[in-house]
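Below you'll find the structures, each written out as structure tokens.
What follows is subunit A paired twice: with subunit B in the first complex and subunit C in the second.
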Partner chain A sequence: MPIIAVDAMGGDHAPDEVVKGVAQVSLSTDIECLVVGDESRIQHVLEAVPYNPEHISILHARDAIGMAEEPREAVRTRKDASLVVAVRAVAEGRADAAISAGNTGACVLACAKHFRLIRGIRRAALASVYPRHTEYLGQDRLALLLDVGATVHCEAEELVQFALMGNAYARRISKVASPRIGLLNMGSEETKGGEALVETHRRLRELPGVDFVGNVEGNDLPRGRADVIVCEGLVGNVVLKLIEGMAELFGDLAGVAAERRIAWRVGLYLLSRGIERLRALTDYTQYGGSPILGFERLFLKCHGRSNAHAIANAVKVAAKAVRDRVPEEIGAAIAALR
Partner chain B sequence: MPIIAVDAMGGDHAPDEVVKGVAQVSLSTDIECLVVGDESRIQHVLEAVPYNPEHISILHARDAIGMAEEPREAVRTRKDASLVVAVRAVAEGRADAAISAGNTGACVLACAKHFRLIRGIRRAALASVYPRHTEYLGQDRLALLLDVGATVHCEAEELVQFALMGNAYARRISKVASPRIGLLNMGSEETKGGEALVETHRRLRELPGVDFVGNVEGNDLPRGRADVIVCEGLVGNVVLKLIEGMAELFGDLAGVAAERRIAWRVGLYLLSRGIERLRALTDYTQYGGSPILGFERLFLKCHGRSNAHAIANAVKVAAKAVRDRVPEEIGAAIAALR
Partner chain C sequence: MHPLLCRWDLDKTYLRSEFDTLRTLVRTAFERAEDKVEIPGVAEVIKAIKAAAARRARTALVYFISASPPQIGKAIRAKLALDGVPYDGIVFKDQLQNLRRGRLRNLREHVGFKLVELLRGRLAAPSDARELLFGDDWESDSLIYSLYADVLAGALDAGGLEPILRRIRVDPELIAEVAVLAERARGLGGVERIFINLERRTPPAIFRHFGARLVPTFNYFQTAAVLAGDGQIDPGDVVRVAEALIARAGYTDRRLENSLADLVRRGHLASAMADAICAALRGAGILPPTTAATSRWRRLVASLRRLRRPRHPAPVVPPAPAATAPLDYEAILNRLRPETRPLPAAATATPREEP
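Here is the complex of A and B:
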């Protein structure tokens, strides 16, 4: 059974929700969690909930990196921070993968500092699932977007590697035998998007074993055209936050409308199942985490607002990725490319 | 009174809706339109609607560029295309500004070929208004995003110029005395986004006469934090199409829900005014056009799906921009920068 290192001190609701999530997993699976953080606070939370002590061990860390801290400085100087200790535990083989709902930049930098890149990989990518409308029965409700913030701009070689990394992750985690790969661009024509995207398009088209569906545009993202969308980190980051921001705004507006008028309130009640469907499309908290791909070891970044349920999901996804040997599959794809 | 050259043959509903829009404007304003395209088809549409012949003249063009044509080749070879003839008419002083609902790439390239850049400007930008939630009474319901596709990646100097161009346009067209300028980025910290964005941030912060609110992130876009958002063309294009795609998807889902269940149908009816508000936030067709900024002459690109109402709005906005001397104001801001 895989051992997952869990940063107990990262996230808006840490350590309570994180530890509760671990407790849930300890009862429902055989996954072992190495919970890293302030031991007395972790114990305090555990005392209040049911859990299986055989599946949980605690690794004390006396420091924690805050959500708003400057990541580079924090990772460089705070060697006893729970996140850094958790990542180091994986690097040293005491656990198989790590998860955290903490400071995203610090997560990426801690991995970069302590994990080795898979042989041949030039840069790691932060991937994120996002909910999209499905276009056929049985299609996964989540698509994978990468990179969403580990890079700013990229060269073609890096984007091609992101495609292979996303392909491997989607095959293993989403169980899509042949994920459709799309290249996020400013037009569907292969001549669009500048030198790096044009070359990426050409190379992906010629790549065996990859179902490349061509360029996808912004309006394709909420629909099911591609299962894995490849892009530079700057645009991926903006896109992901925009999807989240629009969903929140729609939610707010519906709420305001409902408060103002009785008729709307009645309407909203009747529509609730429809609205629920809209919400489900965009509710991040119910999904696990965003994998950092490209390293020999796996790391899952959970949403900062993660509740216990989201943390439990992330632990399960991380364990599955370890069992299904995702990094090894990425390594094999990159080796085949060379 | 300004003379506006109108490409009658561009857009999904050309020439009918374009010519009808011109006819509407001819009755309600003193703006003169030079309608460029197939003369007999234009005449045919005009015969069926009321219009003021004193405000409309026709310039025959026997060719038209299709929506899906490769823009570079089309602009290079199709010298008699309505779009190219309209832009040339402005360059030669026969009209003051041009509008088209046609092929966006061809619009940008036709301007680049026939218009001169304002002295000191390095690259033109395609700007687009998009509807956003307002945060205080009287705030404009539209924000301006640029560039949305004339460029791919940009240097700091170009992004700073985009900020000045957007500032001038928003001041004149939105009548916001001091528009709040935001830099689209992958984090709020000034160290984010790579070299070009970091330098742009630093320069905008020090620029007198510009109300720079700092970096804005994807989730800020649908809200009222900034009135003008500056970005590279690739990310701007993806963002704009994503906003449109999500609005369409929400609309579709609400529709599907309404068809399926009587209760939802009743709910939808009661909610209709609320839904209308949501829709209005994202309905592009009711707004005029997207200005191409940076040239000595003004061009407004209308949405491909523009109806007569949208065309009429675009003609009015173009005339206002000419009267309010938007290019001259941009020129003055750039001169002050140097």
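Here is the complex of A and C:
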């Protein structure tokens, strides 16, 4: 069984929700969690919830990186921070993958500092799943968007590599035999988007073994046109936050409307089952986390507001990615490209 | 040496009985011995206690007290024989008598029955006997055993016991019987440990009210480790329990190591004893040989020591069970039986002097 290093001190609700998530996993699976953080605080939370100690070990780390800290400086100077210790534990082979709900920039930089890039990979990418409409029976209701923040601007070579990483991840984790790859652009024509995107389009179109569907536009994102959408980090991050913001806005608007008019309240009550299903679809706690792809070792970045359920799902996804040998699949795809 | 008296609950402590639904209850009642499943490692722990006592020329008596009806006794005895478990007696609850007398509540309420049987057994045992009690987290074993231990320790008299039993609606006839027995057994002392098998995975923090005498354990490897820490068995006996868990329950070296580390963190096992057990496990080839750079256990212990040094100047050693603070039964019942009424002020345990 894989061993997953869990940064217990990262996230808005750490360490309580993180430790509770680990406890949940310990009861329902054989996955072992190496919980990294303040041992006495971790143990205190653990003893107050049902857990199975056979699947939990604790690695003490006396420091933690805050959500608002400057990532580069924090990773450079805080060698005993739980995130850094967790990543180091994976790099040293004491765990097979790591997860954290902490500072995203610090997560990426800690991985960059301690993990080796897969041979041939130029830059790592942070990938994120998001809910979308499906176009055919059996299509995964989640699409993969990468990069969403590990980079700012990218060259064509890097975007092509992102496509291969996303392709491998979707094949292994979402079990999509031949994922449809789309390039996020400002138009469907292959000449749109500037030099890097035009070059990326050309190379992806010519790439054997990849089902490239061409450029996808913003309004294609919620549809099922592509299973993996490739973009540079700046754009991906904006898109991801926009999706989250819209979901929250709809919830808030419905709440305000319900307060103002009784007819709205009745209407929302009648629609409650559908709304619940919609909420479940957009519930980030179901998806686990966002993998940082491109390194020889795996790292999953969870949402900063992750609760125990989200952490538990992230641990399971990380274990699945280890078992399904995602980095090896990416490595093979990159080797074939060379 | 003082004789050792070990009293075991049966269902969920020895046997992995299922009676969550009427269907499983009926199935359990009619199960044959070979269909009954013991909790991994339990038989080896009992054998280890007997064997260690024999090595030390000490008498160790093993008794089972079960709230199951005597009608299943034949299958239970056959199961114990199948497992090769040496035991000296077994008591069942006469549920038919409760039915005949229309005392339906007594069918499910076991506190009175178990207290009577524990006290009777203690009065029949040598007066200088030391006791180990084994139960689980499904019903009220932690409460029953603690009440019993406090009576024996002289911390709880019949006057203090009665309101507690009334609050949890024990049959008045049984309360009277318990009171008589408690007065006779009061001050005999001797309960050294209470082990609660966390079959339901109840959070260990729930048991903090019961003091250091009670140790909640997640598996019988942990129970064996604490017994070794108490000097009741040897690290070699713990190895045999570990071997049984690996051979028959799919345990791995990591699961065993993690179980030990959990005990150390919870303060139930001294690091030195954990080291001794690890050395024995390593000697038996269960744990990989240690190297300075890669010993995971050493790293765990080292990190624990680093953590505790500045905060706890005194070394962390499991507290002696005899020196437990008086138990707050009101707090215990408020947690375990919140549906029952609070006790009158005078009904809590009489405070005991710390040695």
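What to note about this one:
Please note the rule applied: the second predicted complex is superposed on the first by the 336 of 338 C-alpha atoms of A that agree within 3 Å, B and C clash if a C-alpha of one lies under 4 Å from a C-alpha of the other, contacts with A are read in each partner's own complex, and residues count from 1 in each chain.
The definition used in the following text is that a contact is a pair of C-beta atoms (placed from the backbone, for glycine too) under 8 Å apart; a residue touches a chain by one contact, two chains touch by 3 or more.
Since the model is a prediction, treat every value here as computed from it, not as a measurement.
By the touch criterion defined above, A:L117 reaches neither subunit B nor subunit C.
Between subunit B and subunit C, more residues of subunit A are touched by B. Within the superposed three-chain model, A:I58 lies in touch with subunit C and out of touch with subunit B [touch as defined at top]. Once the two complexes are laid over each other on the shared chain, residue contacts for A:L337 go to neither subunit B nor subunit C. Within the superposed three-chain model, A:M246 lies in touch with subunit B and out of touch with subunit C [touch as defined at top]. Contact with neither subunit B nor subunit C is seen for A:M67 once the two complexes are overlaid on the shared chain. Of the two partner chains placed by superposition, A:A156 touches none, neither subunit B nor subunit C.
Residue contacts after overlaying the shared chain place A:A48 against subunit C, while subunit B stays out of touching range. In the superposition on chain A, contact of A:S40 is made with subunit C only, not with subunit B.
Residues of subunit C that touch subunit A in their complex: 200-205, 218-219, 222, 251, 254-259, 261-262, 265-266, 296, 299-300, 303-304, 306-307, 311.
Subunit A makes touch with subunit C in their complex at residues 27, 32, 39-40, 43, 47-60, 62, 94.
Partner subunit A is touched in their complex by these residues of subunit B: 70, 105, 133, 149, 152-153, 184-187, 189, 191, 193-194, 197, 217-223, 231, 233-235, 237-246, 248-250, 252-254, 257-258, 261, 263-264, 266-274, 277-278, 281.
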